[in-house]
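There are two complexes below, and they share chain A, which is joined by chain B in the first and by chain C in the second.
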Partner chain A sequence: MIGRALAFGFAGLLAGCAPADDRPEIVVQRFFGECGAAYGESTDVAAADTECGILTTLINRFEAENPDIRVKVNVVAWPGYPQLAAQIAAGDPPDLVTMHQSVISDYAGAGLIEPVEPLLAAARIDPAAFTPAARAGVEKEGRLYAMPWDTIGRLWHINTALMAEAGLMRGGKPVLPNSPEELLAHARQFRERTSKPYLIQAQVSAPDFHVALLYTYLLAQDAVIFPDARHIRLDTPQARAIVTVLRQLNAEGLTTLNQDFPAATAAFIQGEGGIFPVGTWMLGPYDAEAARSNSPLHGNYAVAPFPRLWGEEASFVDGHAWIVPAARRSPAERAAMARFLGFLAKYNYDWSRTGQLPAFAQVVESPAFRALPHRADIAALARTGKQLPGYVERQSAVQGLIGEELEAAITGAKPVDTALKDAERRVNRLYAQMM
Partner chain B sequence: MTAALRDRLAGYAFVGPFLLVYAAVLIVPLVMGIVISLHRADLFGRREWIGLDNYAQALGDPVLHQAFGNTVLLAVLIVPPLTVIALLLALALNRPGKFAAVLRGVFFSSLVLSVTIVTLIWRFILTPDAGLIAEGLEAAGRAPIPFLSDPDLVIPAIAVTTLWWSLGFPVMLILAGLQQVPGDIYEAAALDGAGRWTVLRRITLPAIRRTLLLVVMLQTAAQLQLFGQAQLLTGGGPGGASRTIVLYIFEVSFGRWELGYATAIAELLFGMIIALTLLQYWLVTRHEEPRA
Partner chain C sequence: MKGARLHPLVVMALLLGAGVMLAPMVWTLLLSFKSNAALMADSGAAFSGPYTLENYAAILKGSLTLQWLANSLIVATGATVGVLVLSSLAGYGFARLEFPFRRTLFVIVLLGLAVPEQAVILPRHQLFAMLGLHNSYPGLILPSLTGSFGVFFMTQYFRAIPKELDEAALLDGASRFTLFWKVLLPLTFPAQATLGVFTFLAAWNDYWWPLISATTSDRFTLTVGLASAQMNYAQTSGLGFLMAQAVFASIPILVVYIAFQKQIVRAMAGTAVR
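Then we have the complex of A and B:
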């Protein structure tokens, strides 16, 4: 017995004496979920589906093709910024991190992330190849702080069978409103003819949902939402008009109520409402659902950018990007990071199969992308999509504050005027406290 | 060196390592927290001295006031029922036999689940879309109740979730207390012809008085720090109706990077918990004879 224990101990010691792995290591930190059970061993990028599946497969493939680089992957719960902030504060940041383009200003402004032009150059990625929306998302004060990975926007996901029942189809295409009055008229007609709500909306635990609508229709009117880096302007006639219509939709029961994102996502699949205004990321999953013969959505799915209700055609967009936290790294590590970015850029088309718009203009224009279902309908987003000015920091926190006040206004808990004034006050207070 | 001094040094040597670790992980961060709360500070080490401004701001912050009200309401809805239910269950399960042992395990089992699992289970129960309660109501021809999006219902929903989750530990504490009560007192009471209610009131409850106090103190401190259930079930919504103080601290520190202000709120919460705990202790023990 003692002999066996000694043998085990000796074997353990020998294992501990294995030669050191001197390959450069890069730590990749990402959100998009954990799907190791389905894609843990997958390297066939073309066969992978969903954001998590495609990215997991891409990283597996990179490791397989680059055995001289050690890749350590941290999967963080969405969006992962609290962890990242803690890692940076502790002086132990990862090397490459997924980040929403709207969040980059916070980190760039504080010098917590590095400009990436040298890495892009080493990876032979020409920034001129980015789409205008993608480039605007990563460029802050003339410097590029990330490699853009996609453009994400909100779309109207449409159940065409219900729209036909409501008399809102023409020439095989959904008839979408062109004004707020028409929106309410369509919604009432839809409700009357189908007994179902016109809109499906995630209004629970989803503060960004209404904020995206508000930003979109304010940007469409060229309204100045952020006059400078320390102030927001929300107590305006334009904002009041938009929020009043959203409140009216709720008050008349023209939209689903009390749903969070999972519930709203399922409700659309079950055909419980006409239109679900949610992100580009649902295009792929809903398209797959519409292809299933026993799905209520089968053959009845269309998608369109947000309709023009006020001002010009525009949509508030964001995007995902790969940022590099500021840290000391060896030339070998930087070369490995550049190789990883170059690899990801090469597969930007595969990423766009998720439903997100590609970050590279060449991919947007490519026949392969255009041949994907519905992409021709939404490609304009890469051109018309608008982001908030680059100097706007704390966008995530600001969305949370505005979203909370909008929720109160739309559900009738607060008058619209009061909610917008409160949102303005709370955001301005946040900026006043910023260092 | 005298024997007394030697004994004293040996005592210090035994408690010394613990005191060092205690000071390093508790006392030092507490003092650092107080210092940070007097600054405008971010997560990345930038500091600007502002004295008591963060505390003044906290006193006038309507969002904190709402979070304070929510937290106190949650503690009131959770701690008394939890103590009473745990006491009743412990009394019922304080008997020998396999069945009681199995039930003790069943009631303890929810405690080993993580907050993520607990909130996932209760989301399946409470959500108005295909949730367990909603399905039952719809089968009875009634409309689903929006437990997680009605400002008047979210706090009770979180309270029920927490009660279900937290029951196991107090039951075990009270059971342990009950098993310390000497059996001969009950035998004497039986000989005197005391009824069950009299035995409970005159013997059992006084005997486990300190255990009950411990349960109330621990649960009050725990529920005033409620975080995970609110964050995962409702995100603090709708409109902040279920935001708790710790959830607000999390939002302010990690969402807004206002570490100084978040720390000031944390210090206020710390003071509140200490004051409440001491008050509870004093209320229960003020008439007791000092221990020898």
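Then we have the complex of A and C:
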């Protein structure tokens, strides 16, 4: 017994005397879920799939290729901002964090994150290499506050079999409308010939769904939605025209009603409607569904950016980015962070296999990217994608308020004019309450 | 009432009520045994085979799931033991001992019942940051110990015990501590069990404080850890996994409920304090 205790104590002593690990440590914090079961040991990036799988594999590979750097990974519950705020408040933030580009203003405005130009320079990443949409998402008042990682946009996911039945295919491509009048005409023709709704829409518990449509078509007309950092302008003829058309689609039964996002997703897969306007992130799952022989979507899937209905071609976009919370760090830690960013930039193509658009123009133009399913059809988003001005803050709360009012207008619970006035008033009041 | 037969209409109403209560749980269970891909196309697929254990396998293969489970057990057990010890001592003190400002202090404790956690979470977070308690077990356990309910609950229970017992024990030469430890404390076991079960359940299910205090993966509790494992559109493309997580996280709670069913029912019926 005494011998065992001595051995145990000796082992503990030896452990205590182990050489200190003096490698620089970087703490990488990300969302996208945990998939250690499938990818915990994987370093084969090309073989990885899904956002979680590709990012997990990328980090594993970075660790394998850079044994002189210690990487600590925090996987946080989506979207991770409560934890990040808590970490910053506690004075213990991570080093590199995934963040939506639409949220960057909130943190940059409060001085909680650092401009990243020095890190990009150390990683030999030229900001000119970013696509216009990606760069706009991370640039605030002339400074770059993150390395953009992709561009997320809304697309029209299309059931080509139903479009053919409706007489809306030409040369193997779906015929998309070019004006609001044409949109209604196509939708009526579609319903007449297929007895199904033209659009599938998530109109329940999805406040950002209609906001994305409204922003897209306002931005397409160069409308100034946010004249300054504390005001929104929604009570305008342009906004009224857009919301009136959306209301008309509902009133005439040209769209699915009372569906949340999962129900709308299932409805599209089951072929219950023609077009589902939802994000780039569903490209992969729908393409996989279209490849399944017993799926109603089999061989009948196409995708396109939002069609031009008003103004010029444009699409409201967001994106993922890597930000750096403000903190004191040693030169060795900063060098390690730069190496990590450089590594991620090198693998931007692999990330684009998730369905999101690459943040680097060279990748968007590359044959490898264009050869991925449907990517050539949506690559224009990198050019036409528009972000809100860099001074616009609290987008999550703002979109929630606008979404509520749009839902009331589109379902007929409120007149369009009243809903837009109410949305404007509520958002402005929110901004007025901000310090 | 014992042995009385219920009217068939009452039985039917009870069965209907039970069915309504059980339906979401059965629905959750069925969804958890279906593949994510099948549910993305049609959540009604839960009512027909084939069923699979792949979602549960994915949870168990997750690199940190067992660590999160252990963290939750440590935190919930620590909180329960701490609350029982502190509440019993404080309850005895307030119910039986005379000391300066006893009434005032008890009123302050009662006021604590009226202060919602949201009102104190920011200063508490700052305080714990200054003390370096975040990402630690004490950091997760200590906030549970400050709840006023346990003190109030045990005080009321001690007050309901006849004072003659104290007098008899003191006449027999028992010290104050012996009186507390050997005479009164055993009489409070029903209340302790009730308080213990509620504290354990609250600590196990807590999400908010662990979310902002335990910010490194290896310190997550099960609730936070399972949430972190979800992908962005879990309710669409990961529904089976999401439901399996819900079932997995509730298993320990189910065990606690089965083990302490009598105390929970009695507490719900408001009969624990007599």
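Operating definition for what follows: the second predicted complex is superposed on the first by the 414 of 435 C-alpha atoms of A that agree within 3 Å, B and C clash if a C-alpha of one lies under 4 Å from a C-alpha of the other, contacts with A are read in each partner's own complex, and residues count from 1 in each chain.
By our rule, a contact is a pair of C-beta atoms (placed from the backbone, for glycine too) under 8 Å apart; a residue touches a chain by one contact, two chains touch by 3 or more.
Predicted, not measured: the structure shown is a model, and the values here were computed from it.
In this superposed model built on chain A, chain B and chain C take up the same space, so to speak, and clash. Applying the stated contact rule after C-alpha superposition, one finds that A:A37 touches chain C and leaves chain B untouched.
With both structures placed on the common chain, the touch criterion links A:S366 to neither chain B nor chain C.
Legend: residue contacts after superposition of the two complexes on their common chain; A:A89 is shown touching both chain B and chain C. Of the two partner chains, neither chain B nor chain C is touched by A:Q221. Of the two partner chains placed by the overlay, only chain B lies in contact with A:A110; chain C stays clear of it. Of the two partner chains placed by superposition, only chain C is touched by A:C52; chain B is not. Of the two partner chains placed by the overlay, chain B and chain C both lie in contact with A:A266.
Contacts of A:L257 after superposition: chain B is touched, whereas chain C is not reached. Shared interface residues of chain A (contacting chain B in one complex, chain C in the other): 82, 85-86, 89, 266. Note for the complex: chain A touches chain C at residues 31-34, 36-38, 40, 50-52, 72-78, 82-83, 85-87, 89-92, 261-262, 265-266, 269-270, 281, 285, 288-289, 295. Only residues 81-82, 85-86, 88-89, 106, 110, 112, 203-205, 207, 257-260, 263, 266-267, 394, 396-397, 400, 404-405, 407-408, 411, 413-414, 426, 430, 433-435 of chain A touch chain B when the two sit together in their complex. Looking at the complex, you find that chain B touches chain A at residues 40-46, 48, 63, 127-130, 144, 146, 148-151, 233-235, 237-240, 250-251, 254-258, 261.
Remark: chain C residues 37, 40-43, 57-58, 61-64, 125-126, 128-129, 134, 211-213, 215-217, 224, 227-239 touch chain A in the complex.
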